[in-house]
Amino acid sequence: MLHKAAGSDGALDAKTKELMALAIGIAVRCDGCIAFHVHDALEAGATEDEIVDTIGVAIMMGGGPAVVYGSAALEALKQFQLDK
Amino acid sequence: MLHKAAGSDGALDAKTKELMALAIGIAVRCDGCIAFHVHDALEAGATEDEIVDTIGVAIMMGGGPAVVYGSAALEALKQFQLDK
Amino acid sequence: MLHKAAGSDGALDAKTKELMALAIGIAVRCDGCIAFHVHDALEAGATEDEIVDTIGVAIMMGGGPAVVYGSAALEALKQFQLDK
Amino acid sequence: MLHKAAGSDGALDAKTKELMALAIGIAVRCDGCIAFHVHDALEAGATEDEIVDTIGVAIMMGGGPAVVYGSAALEALKQFQLDK
Amino acid sequence: MLHKAAGSDGALDAKTKELMALAIGIAVRCDGCIAFHVHDALEAGATEDEIVDTIGVAIMMGGGPAVVYGSAALEALKQFQLDK
Amino acid sequence: MLHKAAGSDGALDAKTKELMALAIGIAVRCDGCIAFHVHDALEAGATEDEIVDTIGVAIMMGGGPAVVYGSAALEALKQFQLDK
């Protein structure tokens, strides 16, 4: 239910909230969160460019380590695009 | 310049990126980041409801401590609204 | 010696301190800590239900990422039970 | 409701769960969490020695910064004892 | 004794280890650590420029929040210089 | 470019800044940062003893989890020495 809340629309739509959760997952270096939220952001209609922008904000707030985890997000993005 | 990048439009607009930075600031318990990003999100056109939704995502990803720092964000929001 | 201190009884018994260390390991997303402290909590006499409760507290304090790392703790628990 | 869950008995009693939440609060450097959970741990029947032991586990898992936040917990403890 | 170890010379001298501890304190957003380690780095012979460089590494590894805590380190530095 | 800045000399030389970045990487539990910064510290002329001292400071500031990530740094160090 925790994640259900993030997946529904409010003042912010589900896509924006999923991208936000992804940004946090990268900034706090949560490996297991990244593929999960990249997947759900794509499901909610996020484009590749929006995910790249999200990684950019995460790096701005997370510094060097977020570069590492942002790369994992890009990797996950590529993987989900190949799987389609 | 770091923060300038977040403040300009790309695939995501400046408002969304500021809200994202706010969400991360709450989730990583950065006291000094919170007032700063609430301020800039309002400047970029964020509504009160969007900030509340942002706090919600931060709490989902940050747990109990994010409740504490989310309250600080609400406090900052109220303050900026009074100052107008 | 650092971990020896946690493993002996004081006002709190060794089991409680090991569970506490596990809760922190989950909340701070320390992959390598989790199997280690699940193992030592079991050694100190913790039951499955107590470990599950511990994961619950960690999720309450750690949010979404703690769900990921809490799952790793459950996985480790299952593994140690099979190994017996 | 999040904190209600921690406050009720399960495999672990309310006191142990409050002490666990305090240990996490110290280890993750959540200033606002510390007084809150020291208060609730005392309410749930924790002794001074149990809180000191909890701080010890938090320092073992949180290192130098946890010494700083552990001191804040001791300060809060002393304050609540004076207020009684 | 924990901090004593950092304060003595080994392969790295005391000054370098104090600056390192300061860098970590900034990167992990430990308010109470910052004045403490700026003080001890100065005691160990660190120059203003070395502290500024240290803050730079912390920002590189800690991102936006480290800008906030790095400013606190500069503030502490200025204070200790006035106090001399 | 972010990492280029850390790699050049200033008040602190490149080696010291790389060791500092390694210390932070361990303290914040960034798996992917560790091999990277051990490698670059060696490239910048760091000795094995200086890396071990760096791990010591990281453990002092990061506690138990830093023991786990410090071991990963030692492992990476050994690997790079074998590769030479």
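General remarks:
As written, the chains take the letters A, B, C, D, E and F, and residue 1 is the first residue of each chain.
Here is the rule we use: a residue touches a chain if its C-beta (ideal position, glycine included) is under 8 Å from a C-beta of that chain, and two chains touch if they have at least 3 such contacts.
Keep in mind that what you see is a predicted model, and the values were worked out from it rather than measured.
Shared contacts of subunit B and subunit E, meaning chains that touch the two of them, come down to A, D.
Using the contact threshold fixed earlier, the set of chains in contact with both subunit A and subunit E is B, F. A rotation of 180 degrees, rounded to a multiple of 5, brings the CA atoms of subunit C into register with those of subunit D.
Which listed pair repeats B-E comes down to matching contact pairs by residue number; over half match for D-E among D-E, A-E or C-D.
Separating the CA-averaged centres of subunit B and subunit D is a span of 28 Å. In whole angstrom, the spacing between the mean C-alpha positions of subunit A and subunit D is 33. Distance from the subunit E centre to the subunit F centre is 17 Å, each centre being the mean of its Cα atoms.
Subunit C has residues 2-3, 21, 25, 27-29, 31, 33, 60-65 in contact with two or more other chains. Contacts between chains, counted with the stated touch criterion, involve the pairs A-B, A-C, A-E, A-F, B-C, B-D, B-E, C-D, C-F, D-E, D-F, E-F. Listed in rising order, the residues of subunit C touching subunit B in the complex are 27, 59-66.
Note for the complex: subunit D touches subunit B at residues 2-3, 21, 24-25, 28-33, 36. Taken together, the subunit C residues at the contact with subunit D in this complex read 2-3, 5-6, 10-12, 16-17, 19-21, 23-25, 27-28, 33, 47, 49-50, 52-54, 56-58, 60-62. Subunit C makes touch with subunit A in their complex at residues 29, 31, 63-65, 67-69, 71-72.
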